[in-house]
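The same chain A turns up in both complexes below, where it pairs with chain B and then with chain C.
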Partner chain A sequence: MVGLSLGEKHFIQGGIAHDLRCDGRKRLTYRPILVETGVIPQANGSARVRMGATDVIASIKAELGKPSLLQPDKGKVSIYIDCSSTAEPAFEGRGGDELAAELSNALQDCLLGGKSGAGAGVDLSSLIVVEGKICWDLYIDGLVVSSDGNLLDALGAAIKAALCNTGIPRVQVAAGASNDEQPEVDVSDEEFLQFDTSGVPVIVTLTKIGRHYIVDATSEEESQMNSAVSISVNRQGHICGITKRGGVGLDPSIILDMISVAKHVSEQLMNKLDSEIASAEAEDES
Partner chain B sequence: MRGIQLPLSQTQKVRLQKTLEQLESLSSKVNSDASVIIADSIPVNHEDGVLKGHGTADLNGEVVATVCGVVERVNKLVYVRALRSRYKPEVGDIVIGRVAEVAQKRWRLDINFNQDAVLMLSSMNMPDGVQRRRTALDELNMRCIFEENDVVCAEVRGFQHDGLHLQARSRKYGKLNRGQLLTVPPYLVKRQKQHFHHLEEFGVDLILGCNGFIWVGEHIEAKDDMVEDQVSQSDPPVLLHNSASLEEQEKNYTILEIRKYICRAANAVRVLSILGFNVTLEIIKGIIDLSLSMNLDIHEMLGSEFCVLVAEKEAERRSSNKKKR
Partner chain C sequence: MIDLRMEYVSPEGLRLDGRRPMEMRQIRAEIGAVSKADGSAMFEMGNTKVIAAVYGPREVQNRSQITNHALVRCEYSMANFSTGDRMRKSKGDRRSTEISLVIRQTMEASILTHLLPRSQIDIYVQVLQADGGTRSACINAATLALADAGIPMRDLVTSCSAGYLNSTSLLEDSAGGPDVTLGILPKLDKVTLLQMDSKLPIDILENVMQLAIEGCKAIANYIREILLENTKQLEYRRGV
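What follows is the complex of A and B.
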């Protein structure tokens, strides 16, 4: 991301104050969202989401593993994000690691719920095969291919689409195994189980520039931000997680205001995303 | 479909396909044997001796192309001009650059070329308009003229021993303020008589840099030297005065009416860049008028329906142009 001159900065700020951003959008308008599913054949589920010039890929790999001792009735989900150096020269070498870690943490907060796994977007108890013995480990990997702002929302959308696309093989457990040895399993390569993805939230990032806040900021706009609040909202309109970036503090009343705006925006985004995912799935099938 | 990435419905896909085929049939086939793709052999006369240039290689005694492009011949030299590449400057080109560095007596500008271009302090008019030797004081005050990251318009002067040199010896060149910079692939901007455009009906300035940088901004009257003198003298103290009040002032500068047209013109350029059509004043105006007549919201101009419509209009225009000839 190259720097901006003073004139351009003022133009961007003025545009947001006038409710007419550089590409003609209003403050709460998204760029066109393009969803493709099933882009990686080896993965259990994958999706690619593009919002303007932002381009991200999410893939989901399911592996059989052992549940942790503390939660023998739950599977495990982990999220890793990688920022490709093709997205920006600054990501070369170790440059993207910091941002990648920040994004992974934010997504974990927004999608995976608390420590106990309660309130998670993915129902962890649906991942269990044999309680205490075998469960599915979901590895969610995100890749930022091209970056033009609003990475967190795009990654959230890509993971949601990838989860809709995911098929977990049906597992037959051999009966009659004794209690302390590992039971034998037979993984079907024909029958797949779909996830219940209705609980997966969408993430809405409100970027505050000047006195106003906007959704779906481009990288130029992000360079002018004071602070950004990412709010994940599920279908019921419940808040699943909030993270804040940027150094400038926010008045609590503004945060409450942002939450109500995010709730409103998330409804539209959720509907838009669901229809995009449905049409992408239909295309994938054909 | 030539890498056009748009969320298209089935009917839109068919329409775009049809339009692109129509455009292809309209394109002239005159130089078709001069254009090569990778591994095409280039016919040369070996008896005269051949100098292999850029984008060519020797394969079993044959000269083959290593890039897609057009074969160019200069005496013995044979090279391939790549279709998609970085900007290749030519003397007299009008370019827009971003200041990358302020150095000794010069600014280094990023102009999307293989190397940064150099704008010497001595090859531009001073803000006070007086012709004189540049003093050490002028050198110290270079940041008052252009700072890092400023967007600057200039003309290509030529290659010197230390790189590509630019010049800005006229009122029309210089710093660009209050607007937005767009980048399109450089091959979409063809060299024309006029690169500075003032869209009077909209109050918008449009500068088509040959390097694919396009400036869309509020129209600034080219001021008289004398007036400029007074303004530049009164300006700097204000700049230092109070940044908060200045910010409020600046925000109110570009009024909403003009801003709407700036965004509309910018989106017209974006549509052309998505579709891969040449960027010229005539076509941009056409798109703006089309969007106005359809009463479209500005951000809807980037939607797939409008893009397909623009492609169809362009095919129509080209075919009618062809008939006239």
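What follows is the complex of A and C.
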């Protein structure tokens, strides 16, 4: 928990009003983002993203499973977030579960699209092996190692980086199986297919403090927030999901204004992230 | 399985992963893995990778637990992706509770708790990758994190395991034979943790233990180097 004196609170609020925050950033500037890929060798793909003192790891595991009856032509993706107690003593025992559930839900909304799978960042039909019988189940696990605000953006970035790092084994389906039995499959351990990750959105959280809003809030700044809106935007500038947190109500016109700001910021973030991911991938391979 | 065991140490004296019986896996440590914590460290032994964070000494959270020595608490947790097969939620299961207890008792033995009355020290260890020897790796990481937090200790506790197979003692093995996990205070030459599963003749146990002690001492040397390097860095940054 952040303990701030009245003076510190005023200092943070005043700084934001003057477009100069405690660490010297402007309202719409991110902290430097560090991306490392391939950090968990056992996973199909993984990445670690650091923004200042916020540190998260995302890992992706693919398992063969059965598609659901309602959507026989689509694979399944699920996101689980875990808040490690190393990040904050308050997360000890079951203490982190509430935040973890909130983050998992927000990420699911932002990255996976609707219930039908339409509008998902990951193309679910590319996960199908045999229609109605076999598909890939993607398990996305996020771990918060250290938390200093803006966890959602960091997790979103880590998942994006991990997806870029993911290789799904090529699967050979034995021909000749009759229609009603489960076909035999041969999972290759040499050939891996890369994912199309161009559609994966980035998440921009705008935190409203006083009359202004900022991106990439630290935990001190987050403790002063009225409300926060997380907007996920993809390459084309389409909005893929919105979640609002925080107690205070927002004027609808402010939300629309926030969305246009988020769209603008997301372009820079997307470019920055893509170049970081590319250099991390190059380093991982060498 | 039997075949595997027979060939576990090849005629050339090499193990499956190419190590000699007395050889440890590659170890690597880093101080300051969690910037928000009072002390933190990352410790790797081969493919096992753990992070430890220390919060404290700070005010006791639960007032009924105030005593005239420091209260040491520990929580061990494994990440969902740490094992080969994905697993779901293991917080608070029996194994983690047992390991938390082992780590707490081992660390408590070296912390000078009487110097920090009415305070609490929290040690959190998080396993990122599990590939055998998580217990030892956690203890080593916790030692580094405690040292980084500047908590007074008698000595740096270090831990290492050793096994026994086909009449050879093996340092850090996971082949399923008897496994002795040892934690020592290397300078005081005292054992603070000793765990063994399955059975072993007493005279052989002595050998295996001796090997584990050597391993612990090697780790202690490495940890000392890392701490020294870290202190030099701090000194340099201060401009002394």
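Heads up, the rule we're going with is that the second predicted complex is superposed on the first by the 285 of 286 C-alpha atoms of A that agree within 3 Å, B and C clash if a C-alpha of one lies under 4 Å from a C-alpha of the other, contacts with A are read in each partner's own complex, and residues count from 1 in each chain.
Going forward, contacts are C-beta pairs under 8 Å (C-beta built on N, C-alpha and C of every residue); 3 or more make two chains touch, one makes a residue touch a chain.
All of these numbers come straight from a predicted model, not from anything done at the bench.
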Inset, instruction - After lining both complexes up on chain A, report clash or fit for chain B versus chain C. - result: clash
Inset, instruction - Look at A:Gly14 in the shared chain and tell me whether it touches chain B only, chain C only, both, or neither; answer first, second, both or neither. - result: first
Inset, instruction - Would you check which partner chain A:Ala53 touches, where first means chain B only, second means chain C only, and both and neither mean what they say? - result: second
Inset, instruction - May I ask you to decide whether A:Ser146 touches chain B, chain C, both, or neither, giving the answer as first, second, both or neither? - result: second
Inset, instruction - Considering only the touch criterion stated at the top, classify A:Glu63 as touching first (chain B), second (chain C), both, or neither. - result: second
Inset, instruction - Based on the superposed arrangement, let me know which partner A:Asp23 touches: chain B (first), chain C (second), both, or neither? - result: first
Inset, instruction - Report for A:Ala87: first if it touches chain B alone, second if chain C alone, otherwise both or neither. - result: second
Legend entry - Stretch of chain C, among 44-52, 62-70, 80-88 or 152-160, that runs into chain B once the two complexes are superposed: 152-160
Legend entry - chain C-contacting residues of chain A that also contact chain B: none
Inset, instruction - Flag every residue of chain B that touches chain A in the complex, lowest number first. - result: 5-7, 98, 110, 147-151, 175-181, 217, 247, 250-254, 256, 259-260, 263-264, 266-267, 270, 297-299, 301-304
Legend entry - Partner chain A, residues of chain C touching it in the complex: 33-37, 40, 47, 51-53, 55, 75, 77, 79-84, 86, 88, 91-92, 122, 124-126, 128-129
Inset, instruction - Write out the stretch or stretches of chain A touching chain C in their complex. - result: 39-43, 46, 52-53, 55, 57, 59, 61, 63, 80, 82, 84-89, 92-94, 139, 141, 143, 145-148
Inset, instruction - Mind listing the chain A positions that touch chain B in their complex? - result: 2-8, 10-11, 13-15, 17-18, 20-26, 29, 31-34, 50, 210, 276
